[in-house]
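Dropping the structures in below, format is structure tokens.
Look at the two complexes coming up: chain A is in both, with chain B in one and chain C in the other.
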Partner chain A sequence: MRRQQPPRTLPAEYADIEFENNAQRLPLVLCLDTSSSMAGPPIDALNTALSEWTRELHDDVSLSYSVEVAVITFGGRGVTAWRGAQPLEPGSPVGPFVAANMFEPPRLAASGVTLMTEALELAMHVVAARKAELRAQGFQYYRPQICLVTDGLPTDGTGHISRTWQRLVPVLAEEQAARRFRLYAIGVGGLTDLAEQVLQAYAPKFNARLQGFPFRQLLQMMSASANAETKGAGDEVFEKIFSQFKTQRPAWEA
Partner chain B sequence: MGTRAHGSWRVHGLSVEGYRHRRDGVACQDAWRCATDGPVTVLAVADGAGSRPRSGEGSLLAVRLAVEHFGRLPAARTDGPVANRLLRRSFQRVVDDFLDRTGEAAADHATTLTVVVLAPGWLGHASVGDGFVVLRAGTEDGERQFHLLPQPAAVSEYSNETVFLSTPDAARWVRTDCVRDDGVDGVLLSTDGLAQAALSWSGGAPQAPNESFAAAVLRSLDTEAVEPGDEDDRLAALLRSDRLTALNGDDKTLLRAVRTGLAGGGA
Partner chain C sequence: MSGPNGRTVLLGGVPVVLAAEPLKGGGQAAVYPVEGDDRVVVKLYRDPPGPEQERRLTRMLTMSPLGGRPTDRSQRPELAWPTAPARAPGGAFLGYAMQRFGEPEHVQLVGLFTRAQRIRLFHQRADWRFLLGVAWNLAFMTARMHHEGLVIGDFSSSNVVVDANGFITFLDCDSIAFTDAVTGELFPCLMHTTDYSAPERLAGGPATRASDDFALAVLVYQLLTAGNHPFGGVPHDSAPESTVQDNIAASISYVVRPEQVVVPRGTVDPSVLPPELLGLSRAAFGPGVLDPGARPSAEDWLRALDRERSLVRVCPDRPMHTYGSHLSGCPWCGRASVTGHDVFNLGPVPTPPPPPTGTRTALLVGVILLILLIVIVTV
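Presenting the complex of A and B:
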């Protein structure tokens, strides 16, 4: 099929049209594990993948104006929300979402504990707050997406395995049933069975346990899902995208 | 396709595949059609649901059935309640016919449908889904005036969810209007791919036409094209432009009609 490039300038007779900045928005939260077990090649691979994905996102004329990206990391001594490359102070008056065409990825470092539960709670909070903001500003929006990526089990602030994750299971079930967002829960780096159970409990339909650290494919899958969302795809399309993502690299599968 | 004369109206329509469909090599799932039978001209646009496998066929079928059934409406000027009843009846016939022809695969053909009937002295509008209609009528302080016809109510928090012809009880969701204003001299119909560009939004809903958009696309039809086919190229360039793609990556359809033989009332 012939691929036509969209014209960059408008024909002269339409040059005086004034457009409002009212593209429909698709909030996307990357909720990323940056605990000490991610140190070394895994965090390097994540940083490289984030940079490449950002470039692809900028090049996508459609997604770059509809997707809004927020990054939340859990590692170090707690949970951090990032507004693009900048970490936000707790209680910051600005939110973490940045239009994809303006997004620059943070440079992530790995250390510390795995406050996964708290990170997901923050992700849900920023999504709800952003939807309220978009509504108040009169913008239309698509169903937000949250992508949780981890290589381990949730811990408490001292690094001990924590059972707090269980408190989130009914909350997430209700939120997803109410279609408040789509949650993807992805385990990387050879997850344990118990850690996989956490992801299955969080995201019964969209969880995966991958060998290695295929962050690039993972982020591409999020773009494909965002694309499907903006096309108004049915649930079966998302399931297909996810199952292709899980199975197209059999060598990496557990 | 080029511009066509339909009675006292000059009509031009175009559907182009959206950025995502263009990139993925998927055909356009929007459709439009215009037909004139005696004094009645019917304009129809339809947006096949991106998620359904045969929605491109669905949108083509919908506009074909629309011109067939709405084209049988009486031309005579009628009062509002009667016109609305007639419009609803025609819409129901489209739905029945659509469901008959698509059978068990109706949901696979899911499509919206927006119809305008141009008859002497009145204009009818029937719509299910998120298509929209803008009219040009009258002047105020020398400026042409543009009016967005009321749309069916939104069905969901999310902007990509709407009602289709195949939705059970679709007729319950249809919105009809009758406009009796001889000053209407321009009409544009579109699918939701142009909702951001062609409409002005506040509070999460379109409130009014983006006048600069409606003015430009109708103005360019007021004067006859020098080279037949030119208007296709120029409108396609507008609809495929990065500026519009940034607002909405979906397929886009614009069906526009201007009354001929009138002074045009200004600019």
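Presenting the complex of A and C:
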């Protein structure tokens, strides 16, 4: 008796994720601001940090056992989900998650508006869809991580400051209380007070307002958090990791 | 943590300078390289360690478990035992020094659980025979530690490293549980890693030999299946957020009762384990989950692993495919032809030459006859 063949249409890279092992998976979403205010050195710094982090991810034996990465950007005219380096068309049949050891970073360019609310909604959507998919295939998962990084205030599609972000606050509160994912909301490049209030409302425990653009440390913090998650760490460990991330800033500035 | 002016600490009274960035940092402690000495690292606790931790370290520095140095010179120590206390210039206890066991020479066990990392870090060496040898070394170390009254406590795929020869070293010795032979003080293990924790530890119980035996069983099983966790898979009718930890607590393992869970397509079949090792696995992941007394001991594993080592077979088609003597054909070739995923080789799976047409027709006829026979018998 032969077992069922994998469907012929399955790209080779997929087959690899699926047949590697039965490890419990950890979906990780980077939800990145690529609006016009990020143009110039900030977006270059982000691209460099993403490349370095990718290298570290490939070499990290622990993370490459469990972690899957998706990237969502908000800038230009709207929101884009990336499958590694490839932007996905809306309604694409494949999802944005790629196994850590096969992840390649997108080359990001900065322009346009800041649809932060819509980007977070998409992040929640892809996380929920991935969970359902994993579960149907028999894979367990750790609590997913979403990392929101922005340098400004949410806008609408015409670039005007939008109040739509408020509709997300109760939704995010409920989702986080139900432990459906862990949300980090991080402001870079000298956020305004109002912009910081948005992040505080989104992620009451894990928000930060940082000077400069310390993307490398930020991504390393995400790795540390993922590592703690796969080891079954308690909430206090995540709080420690995050507070170290926040308080170590002056050393990096020097 | 490393003193007000930066990074000078005293190791047994001698000042050394630590590198600015830790090698790795968890929630509890961070491990720093020492400038000018790449054989030593220093583990500093994030929160000031209490007097018990200092007494523990002081006591450990007088012990030389597992007979001190191994006899074979190619083998590094099996325990990254503390070599000196680390203190601030003012005298405050901060952590301890130990030998460095870093990549690429020393790789966390979890690096053997994915193909990409196996091939990147072990090149063409990490076949099933190698994994069996690593499992043997793990069981050997555990059995001797238990013999000496030490309980590993926090035993997982990330705090054991393995080198190119398959020799292993346990890293987090400061969490080992033991009783001070002089004062009778018990130093418990307060750490554990959920995916390797027996139910009684998940429920808050102390680390024991039996909880080590549980973790050992999980690690041996993962090694012999190239990275599959015996408590993987989603139970039917389970809560949406079902985890390895939940399956352990509920004693649900597909190795014992596959019908209880949705098993991912890529899961290596438990039958790659030789019968005696599969029997021990079924005991550990069946009755042994909830009954610590029913778990095979490290010695049981050691004996069974020992018997298999001399019997390993090599696939005639692909030399990186090695397997147990109980199998009549290569399980890795079989799996590669079904899934397109070769567990031990990168790149496309070479298609074996098609059998001569005559044989194929004969085979086809045979299969049809067999099906007819089954249909007739069932009707």
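Criterion: the second predicted complex is superposed on the first by the 230 of 254 C-alpha atoms of A that agree within 3 Å, B and C clash if a C-alpha of one lies under 4 Å from a C-alpha of the other, contacts with A are read in each partner's own complex, and residues count from 1 in each chain.
We take it that contacts are C-beta pairs under 8 Å (C-beta built on N, C-alpha and C of every residue); 3 or more make two chains touch, one makes a residue touch a chain.
Predicted model only: the values in this text are computed from it and were never measured.
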*Name the contact category of A:151: first (chain B only), second (chain C only), both, or neither.*
neither
*Using the touch definition from the top, say if A:241 reaches chain B (first), chain C (second), both or neither.*
second
*Tell me which partner A:23 touches in the superposition: chain B (first), chain C (second), both or neither.*
both
_Partner chain in contact with A:224 - chain B first, chain C second, else both or neither_ = second
*Have a look at where A:68 lands relative to chain B and chain C in the superposition and call it first, second, both or neither.*
neither
*Pick one for A:121: touches chain B only (first), chain C only (second), both, or neither.*
neither
_Looking at A:33, would you say it contacts chain B, chain C, both, or neither? Reply first, second, both or neither._
neither
*Shared chain A contacts, counted only where both chain B and chain C touch the same residue*: 3, 6, 16, 18-20, 22-24, 61-62, 64-65, 135, 138-143, 179, 227-228, 230-233, 237
_Complex interface listing, chain A residues touching chain B_ = 1, 3-4, 6-11, 13-14, 16-20, 22-24, 61-66, 134-135, 138-143, 179, 227-234, 237
*Which of the residues in chain B end up touching chain A in this complex?*
18-20, 22-23, 25, 49-52, 158-162, 196-197, 200-205, 210, 212-213, 216-217, 219-220, 234, 237-238, 240-250
*Mind listing the chain C positions that touch chain A in their complex?*
20, 25-28, 46, 103, 107-108, 110-111, 113-117, 121, 156, 158, 192-195, 197, 225-229, 232-234, 240-245, 247, 261-268, 338-341, 348
*Name, in rising order, each residue of chain A that touches chain C in their complex.*
2-3, 5-6, 12, 15-16, 18-24, 59, 61-62, 64-65, 101-102, 131, 135-143, 179-180, 224, 227-228, 230-233, 236-238, 240-241, 244, 251
